[in-house]
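You will see chain A twice below: alongside chain B first, and alongside chain C after that.
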Partner chain A sequence: MNAETVRLWLDDRLGIGSIAAVARKKEIPVHRHSIWYYFGGMTLFLFSVQVVTGILLLLYYRPSAETAFESVQFIITEVKFGWLIRSVHSWSANLMIATLFIHMFSVYFMSAYRRPREMTWLSGVMLLLLAVAFGFSGYLLPWNKLAFFATKVGTEIAGVIPLVGRPMLRFLRGGDDVTGATLTRFFGFHVAVLPAITTVIIGTHLMLVQMHGMSVPPGLEGQNIKKMKFFPNFFLRDLIGWVLAIGALAALAALFPWELGEKADAFASAPAGIRPEWYFLFMFQTLKLIPPKILSFDGEVIGILAFAVGGLMLFIVPFLDKPGNPRRKRVFTVIGVIVVLYIVALTIIGYLD
Partner chain B sequence: MKPKSIAATNAKNRFRAFKLAPLIALLMFATVSAQKKDSCVECHSQMEGALSEAVRLSKGDVHDARGLSCVDCHRGDATKDDMAAAMDRRKGFIGKPKPADLPAFCGRCHSNADFIKTFNPGLRVDQEREYSTSVHGKLLKGGDQKVATCVSCHGSHGVRAINDPLSKVFSLNVAETCGSCHANGEYMKSYNIPHDQFDKYKTSVHAKALYDKQDLSAPTCNDCHGNHGAAPPGLASVANVCGQCHVRQASLFKSNPHKTVFALMQVGECIQCHSNHGIMPPNDEMLGVGDQSACTQCHGQGDSGYAAAEKMKARMDEMSASISRSNDILNRAERAGMEVSKAKFELTEAKDALTQARVMVHTFSTDELDKVINPGLDISNKGYNAGGAALAELSFRRKGLAASLFFILFFAALIYLKVREVEKRQALQKQS
Partner chain C sequence: MELDNTGRRRFLNYLLGTGFGATLIAIFYPIIKFITPPQVIEATQNSVTAGKVSELALNSGTIFKFGNKPGLLIRSAAGELKAFSAVCTHLDCIVQYEPDKRQIWCACHNGQYNLSGQNVGGPPPRPLEEYVVNTRGEEIVVSKA
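Let's turn to the complex of A and B:
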């Protein structure tokens, strides 16, 4: 039995040939903005790192208020290469959020969300929200002091929203306070609920990308653009990035091991200068800067509602931007630049604060 | 309601008020009698100097706050405007009591349990009797008018409760109050006792706790000397006094040979090494044969005590050094990002053992000391090993990283070469 027989046997049953044909046909436009095409793949790669390291952590992690901290401590001190897996999981999570943001903004500035790719954008925004939810739920799992209070503050912010806030807070915490029930609940979200939803949406997102092919920036549309084969040319370049990412993750894990801190203590006072993960920092900082009362409304509520509206706007971007209108396109670019500058500035202020 | 009926109601109300008149009058009388006439205050507040000072000071003091007035102590008749009638000795008037009469003067109420418990059932009533056993009380009985009586410490007018921070006998003020006589060399001259206790006390570990940490449970004069029964503890009872707080040290000392020797030599047990008023924070240097050694006060080179002191000090030093070595390496590992919190936590047990060893010194037995030091050293060494292992692991990680980065970069370079090769081939294919 030679390789060709195996290929034919499999092709009969799985239709590998047609998939290979699609891959062979797929082409990537080559222009001065091509670099941005790599960030989606990088995000996907870091996500798969999360899946693999996450499953490995799952083998030792014990999700209860009494055992969570100790099990993570066990992982990083006793389990062979447990420290590496845990640190890579934490670092990769942060890098993934970063590449996700870059991917999203590059798609935004290149107007790649326009017809017929509206649904691709929608699924992408959903993936952003899911990634943030992964970050928020995963942060609590080591059950350390910082995570405990960050979760307390985070869920409190959710609780401020009028009408739905209170029930939402109780749903998130599994009661009125952050307790062991919150931990098991977040664990459930982090390893079952979110991965299940994410798998479906990533599948949809990738399928849509294959279906519509790569978008070309509006300015270059209609021009005769050079093309590059996805396989093997683009794929091999992707691969170089992924290999280097593995190197970066290994270096970060070995040189800057992710700290575990002190075990959470519900009776201790909140540590000074508590702040959320960097990707929440611009929102956190905004809420801190808003005056407590705006007219007769609660400043914090207004801030949270503003972010909710902002999130909604993000969803409907493709339906607001009409193609073929250069003035509107410019307005969108300006808004995008302002948003990016705002996020960067507030994050920096948040760190210096 | 019609106007007519309003008028009718008003009339009715007026009538009701008229019926209430006797009751109102009664109430007014009651108020007046509550603020009963006090000719002492009326006259003395218009006088000058000390004579009016008493009135001013008494306002709001512990007695005034409980409704007691001048006549409750000084007797006489405060309802009389006439000075002679108000201060009539036949009515029991007592002017300024002589020091010798003061214990009985205050004791009239304070030794009367039936009376005192109507104010404070918890207050003791044996102060007067205790005072008579004190050095102060005995001297007073012998006719010495200079010694402290009730008012010397509590004040005469403006007496405050002992838990009132303004009271002269509040924990933080006691030493100064005692010092107002005992630190006065001129005043103490005739008694032929030292007057440097207050100065020494201020340098002591007890004073540090009391003043710097505001620890009100830290001992001040009366905790060792008693308050009403104030007396220097006799040499035989020093250990009992210190042992009130330092229980473990006292019980260990009791069952060791020094106890008998100290008794024979007639030296105070604890104070022989720790001194009395200027007790310095105890430190390991007091042990052994160094400059600050307490042991060499009696033991000389060549005797067994000298050897034991030397050995005990060596063991203590060994333990301290071991702990600080372990601490250092664990801190180094922690700063490098290694997780050593468990080892650090376990090291606290070694620190506990060191504290315990410092107590065990009071057995003056090297064997007893070893019983505490040896397990402590084991724990400390374990901590050191854990720190060493963490640092070794760190170096392994760095080397491992360097090696794997080499392969990762090599692999990336290979892919890059592959890309170039593929694209060169593709270009050639296109050309042909």
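Let's turn to the complex of A and C:
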């Protein structure tokens, strides 16, 4: 039996030939903005690192208030290469959020969300929210002091939303306070609920990208653009990026191993200098600067509702910005620049503060 | 003669629709109830021994357990005893006493309260809940007003 017989046998049953035909047909436009095409694939690669390292951590992690901190301590001190796996998981999570932001803003500034890619954008924003939910739920699992207060504040933020806030807070916390019940719940979200939803939406997102092909920025439309074969040309370039990412992850994990900190204590004051992960810092800083009362409303309620409205606007961007109107396109570019500047400025202030 | 079946069709569609709807409700109602955590009845504690006077230095504060919530007990520079709920009114963090500034501080979002529990700086919208402090010999007894 030779390789060709095996290939034919499998092709009969799996239809590999037709998939290969699609891959052969796929082309990537080559122009001065092509660099931005790499960040979606990079995010996907870092996500797969999360899946692998996450499953590995799952083999030793014990999700309860009495054992969680100790089991993470065990992983990083006793288990061979445990420190490496945990650090890579934490670093990759952060890099993934970073590449996701870059991917999203590049799609935004190139107006790639326009017809017929509205649904691709919607599924992408959902994936952003899921990634943040992964980050938030995973942060609590080591059950250290910083995580404990981050979860108190984060869930309380959900709690101050009028009407739905209180039931949402109890649902998230598994009770009225952040306790072992919260930890178990977040564990369930982090390793079961979120991965299940994410798998479906990533599948949809990728399928839509294949269906519509790569978007060409509006400024270059109608011009004669060079193309590159996706397979193997662009894919090999992707691969170089992924190898570099593995190198970066290994270097970061080795040089800056992720701290475990002190075990959570429900009867200790919040430590000085406490701050959330960098991707929440701009919201954190906003909440710090907002006055206690705006008219007769609590300041934080106004701030949180403003962020909720911002999130909603992000979702419906493709329905607000329609093609064929250069002035509107410019307005959206300006809004995008302001948002990026705001996030960068408040993140820097948050670190200096 | 032509049979008019539209009445029967409508009736069957209605049965099918309501049956399907009822099944969905029967599936999701228990799930939604399940994920809503049960109310735990707290033992209502109205007073607690928070510590001993001799163990609390002048111009210092300490966290004590008031039931399952943290409280903050302060002995001011003048020796006066004060007790508050330690839960920041902004976003649920646990506050601490800052001896050098002689004020109560929340590290999470830089909330500040004075020694009467009034919110005097940063984002907290309301004062801290104040408790009544009594001494019984050496023991400091804190109770809800």
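Please note the rule applied: the second predicted complex is superposed on the first by the 353 of 353 C-alpha atoms of A that agree within 3 Å, B and C clash if a C-alpha of one lies under 4 Å from a C-alpha of the other, contacts with A are read in each partner's own complex, and residues count from 1 in each chain.
The criterion applied here is as follows: a contact is a pair of C-beta atoms (placed from the backbone, for glycine too) under 8 Å apart; a residue touches a chain by one contact, two chains touch by 3 or more.
Everything numeric here is computed off the predicted structure, so don't read it as measured data.
A.B. asks: Return first, second, both or neither, reflecting whether A:D177 touches chain B, chain C, both chains, or no partner chain.
C.D. replies: The second partner, chain C, only.
A.B. asks: Looking at chain A, does chain B or chain C touch a larger number of its residues?
C.D. replies: Of chain B and chain C, C contacts more residues of chain A.
A.B. asks: Figure out whether A:I16 sits in contact with chain B (first) or chain C (second), or with both, or with neither.
C.D. replies: In the superposed model, A:I16 contacts neither chain B nor chain C.
A.B. asks: Which partner does A:M313 reach: the first (chain B), the second (chain C), both, or neither?
C.D. replies: neither
A.B. asks: Applying the document's definition of touch, where does A:T77 land relative to chain B and chain C: first, second, both, or neither?
C.D. replies: It touches chain B, and chain C stays clear.
A.B. asks: Tell me which partner A:I246 touches in the superposition: chain B (first), chain C (second), both or neither.
C.D. replies: first
A.B. asks: One more residue to check, A:A270. First (chain B), second (chain C), both or neither?
C.D. replies: second
A.B. asks: Looking at chain A, which of its residues have contacts with both chain B and chain C?
C.D. replies: The answer is that chain A has no such residue.
A.B. asks: Under the definition above, what is the set of chain B residues touching chain A in their complex?
C.D. replies: Its residues touching chain A are 337-339, 341-342, 397-398, 400-401, 404-405, 408-409, 411-412, 415-416, 418-419, 422-423, 426.
A.B. asks: Once bound in the complex, which stretches of chain A touch chain B?
C.D. replies: For chain A paired with chain B, touching residues are 73, 76-77, 83-84, 229, 232-233, 236-237, 239-240, 243-244, 246-247, 250-251, 254-257, 259-260, 262.
A.B. asks: Considering the complex alone, what residue numbers of chain C touch chain A?
C.D. replies: For this pair, the touching residues of chain C are 35-37, 40, 63-65, 68-70, 86, 90-96, 106-110, 119, 122-125.
A.B. asks: So in the complex, the part of chain A that touches chain C is made up of which residues?
C.D. replies: Touching chain C: residues 149, 152-153, 155-157, 159-160, 167, 170-171, 173-177, 181, 266-274, 284, 287-288, 290-293, 298-300 of chain A.
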